[in-house]
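The two complexes that follow have chain A in common; it is paired with chain B in the first and with chain C in the second.
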Partner chain A sequence: MSSAVSTESAARPVDPGARPAGKRDVWIVFWIVPAFYTAFGIIFFALARVMPPPRPDVTTDQMAHFFHAHATTIQIGFGILVLIVGGAGVANGIVVYHIKRMTVGSVLGYAYMGSLAVGALPGCLLVAFCFLTAVYRPDRDPQLLALLYDLGLLSYVGSLGCFTTAWFAFAIAILYDRNQIFPKWLAYVTVWQIVTEILAIPVFVSKAGPFAWNGSIAFWVGTVVFGFWLSCLIVFLKKANDLQPADEAPLP
Partner chain B sequence: MTNTDQTASDLDIAGPSHSAARPVHMPGDGAMWVMVLGDFIIFGSYFVIFMIYRAMAPHEFLESQQHLNLNVGALNTLVLLTSSWFVARSVQAVRAGDHSRGLRLTYLGGLCGVLFIVIKAYEWTAKVAAGYTMPSNQFFMFYYMLTGVHLFHVGLGLLILGIVVRELRNPRRRRLSMVESGATYWHMVDLLWIVIFALLYVMR
Partner chain C sequence: MQILAEAEDLPKTANIRTQLISLWSVPIFGAILLVAFAAFPGFFPPMSPDMPANQVAAFYRDNEAMIRFSMITFNLCGIMLLPMFMVIVVQMKRMATQSHAFAYCYLTAAVSGATLFALADIFYLTAAFRPDRNPELVMLLNDMAWIIFIAPVGAIVAMNLLLAAAIYFDNGPNPVFPRWVGHYALATAVAMAPAVGAAIFRTGPLAWDGGVSFWLRNGAFALFVAVMFFVLRGVLQRQAVDEGVAR
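What follows is the complex of A and B.
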């Protein structure tokens, strides 16, 4: 970092109007977050047809037909996903980086990182491998295709515990922090996600209606709240980057 | 909620010279109001969805509703209203500078919250023993999920009241905004229960 930048930021450590601090690595990691989630959205919505999830209340033949009809896009979409899925780790990493800059100490950051690292497996990767396996040999027994359909979608919508743990850790970190890295209300937006996760519990018993895996309560409200949270997170990660003084001591 | 009204009327009584100097006081922390209003929107969506599914199967919902115990529901409503009253009084006590009274009232409010959970646990146990579980039908799915997610809010509220207690016990803390934020959250839990009680137990 040039000495001019550090003198300027020493005089005015927090100035939202100032040009971004000289932390090129942090900025590169930051821009991966919206890029990854955009790709994630395109894959899940447009290609793999997991968003919105196909219906749970269909016959075995209809499940097999789903895989036959979308085989190519599933292969393209989830093929790309398994290649770029590390972007989720990068996105979690920059959140942990800013949690470590808080006054709370790093333990909540590790809780966030650990639970989301485990959560990515059932919440994102398992459905990709189920669907990729299903379309790999399309002439497989329809009963087996139906199994992969159920397993993939139940794990995708029904993986709850790791995420609630991560949201708890993040919310507590924000509320306890005195460095004001993130606004306090973002903690409460994070708590809403715990509420929506709780209401997704019935996906394991409900095959139709609001609590099924494609239901208005179990899926849609949660997805809307997650989308809102993610948009807020990206905006405030950018702000946290902006406000971080360029001459701040490196984290231990 | 009564606290807000009272503050507003206090300001009016104080006269123009005072109200010019003291801006209108928003109880608690602004972030807590984001939580409360957002939670109302989320719960509002659940209530609308409940009404839509109820309209699609009115007979099933009415028939299932007969199996709920209205007395237990009404008792729980009273318990939660009482706890809200204690919490509101505790805010008044803290505003008046009587912290030990505020602390006692917060304990009483929290105790009522625990009582609510105990009664709810009894009610759920009785329902499950009678064979009415989540997969029974759409109504019971709503019943367990709406009361369950509300119970989560009660638990979170007890945690928040615990933080208020910690705040009041330490003479060097005692921030009024923390006490008010806790009360704001607790009143939200109360208000949500009243709507849930009306929708699930009372509405014919």
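What follows is the complex of A and C.
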């Protein structure tokens, strides 16, 4: 049991019997993060046309027209997304890995992993299934297409809690960590991510204006903060990889 | 596996035992899931995406009982395969020559994949709940059921790529898995990947009733689970012997 206690510290000595962990695997996983999010951006902005989101304040026929006009790119984009969505697991897993290297115990790493593993469904996959189902049969009743339009976009822009929990766990972990895995100010950027989730609450009520699902506050502030946070995260994940000793023992 | 008497009450023995229990959920629940699969009236042959709405509604009306039996069983027992994937995570974390970043990524991907596996049956069951609904609505539920059942292979593809990478990097004197398991995991990922086409194509091998999307995908997954049962049994046997728990 004593080994289980001592391993809570990331600055653990290398067990003389174990071979050094090396870092090739951490680097492979790291490079999947920018690769996945680049693909994610191309899919959501250029192909599926979910970003920036189409307007909520349009008629049923206009919603049906949106699906007819973008059917092919939705199929290409979301088809690829469904195939590569495991990359989100990898992108979250590398953060969990570095949280586990901190001096804060495992609980926040597990909270981050759990909330984001759940968040993949409401946060990016449900909109893919709604849109793919909508364009699967273009001759469907426009009322049903409109239902899928609302369901997909509300789920995508309006999935708040999974991410709030993840950002909360990440910020607390960074603030309490004494191994300096990530800089403290990244925690405050992460707190702003929680603020943007709260700013997106009105998307469930507001059909137009700054608080609608395509609004300047509910959507654009959140997207800009997320983009900035993600860029910081990638830079500091790289730094954390660089600074990790090559002979660090595997995590417990 | 024969547990040594003197190791009976040790925590490391319990660690082996709980993994064995998790592993043995595979033959039990795997058999139940195969029965549920065989019982679904729309799998032999798989329902065509070209069925018109009134035929889809008639299918749910005429086969209510078997659809419910099959999909409630999937609902109850489908996620009982997850403990086996958790045994894989635990074994990936035994690999001494790497950092275990792969194991955490595998775990995260496994949970995301399981949420989708748990979702599809609800759509079949909702369609069967009120088959007198407007046929257009039954068809919408049926479309979502099939697309969510067949197409989302992204999680298992990522898991198998991660498992393969972890096995290839586990190149110390005592690898946890035999090396061929890495090749096999890769091959399974390749076999399952084309099934994303089920969300796009309405005819041909990539449609949800097609040879690639339905039979190859489901066959590859079922075979992978069965093969991994035997692989993991061997892995646990070696772990037990290495740790002085069994001989």
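Simple rule for what comes next: the second predicted complex is superposed on the first by the 230 of 252 C-alpha atoms of A that agree within 3 Å, B and C clash if a C-alpha of one lies under 4 Å from a C-alpha of the other, contacts with A are read in each partner's own complex, and residues count from 1 in each chain.
Throughout what follows, a contact is a pair of C-beta atoms (placed from the backbone, for glycine too) under 8 Å apart; a residue touches a chain by one contact, two chains touch by 3 or more.
Bear in mind that the values here come from a model prediction, so they are computed numbers and not experimental data.
Asks: Should A:Val225 be classified as contacting the first partner (chain B), the second (chain C), both, or neither?
Replies: A:Val225 sits against chain B, while chain C stays out of touch.
Asks: Go through the superposed model and pick first if A:Leu144 touches only chain B, second if only chain C, both, or neither.
Replies: The answer is second: A:Leu144 touches chain C but not chain B.
Asks: Could you tell me if A:Val189 is touching chain B, chain C, both of them or neither one (first, second, both, neither)?
Replies: first
Asks: Which one hits more chain A residues, chain B or chain C?
Replies: Counting residues of chain A touched by each partner, the higher count goes to C.
Asks: By the touch definition at the top of the document, which applies to A:Leu199: first (chain B), second (chain C), both, or neither?
Replies: In the superposition, A:Leu199 contacts chain B only.
Asks: With both complexes superposed on chain A, which partner does A:Ser216 reach: first (chain B), second (chain C), both or neither?
Replies: first
Asks: Quick one: is A:Phe45 in contact with chain B, with chain C, with both, or with neither? Answer first, second, both or neither.
Replies: Neither partner.
Asks: Considering the complex alone, what residue numbers of chain A touch chain B?
Replies: Contacts found on chain A: 183-185, 187-189, 191-192, 194-196, 198-199, 201-202, 205-206, 209-211, 216-217, 221, 225.
Asks: What residues on chain A touch chain C, complex-wise?
Replies: Touch list, chain A to chain C: 1, 18-19, 21-26, 28-29, 75, 78-90, 92-94, 96-97, 100, 109, 113-114, 116-118, 120-121, 125, 129, 132-133, 136-137, 140-141, 144, 148, 248, 250-251.
Asks: Residue numbers of chain C touching chain A in their complex, please.
Replies: 11, 49, 93, 95-102, 104-113, 115-116, 119, 136-137, 139-140, 143-144, 147-148, 151-159, 161-162, 165-166, 169, 172, 193, 196-197, 199-200, 202
Asks: Any idea which chain B residues touch chain A in the complex?
Replies: Contact set of chain B toward chain A: 29-32, 34-35, 38-39, 42, 45-46, 49, 53, 134-135, 138, 141-142, 145, 148-149, 152-153, 156.
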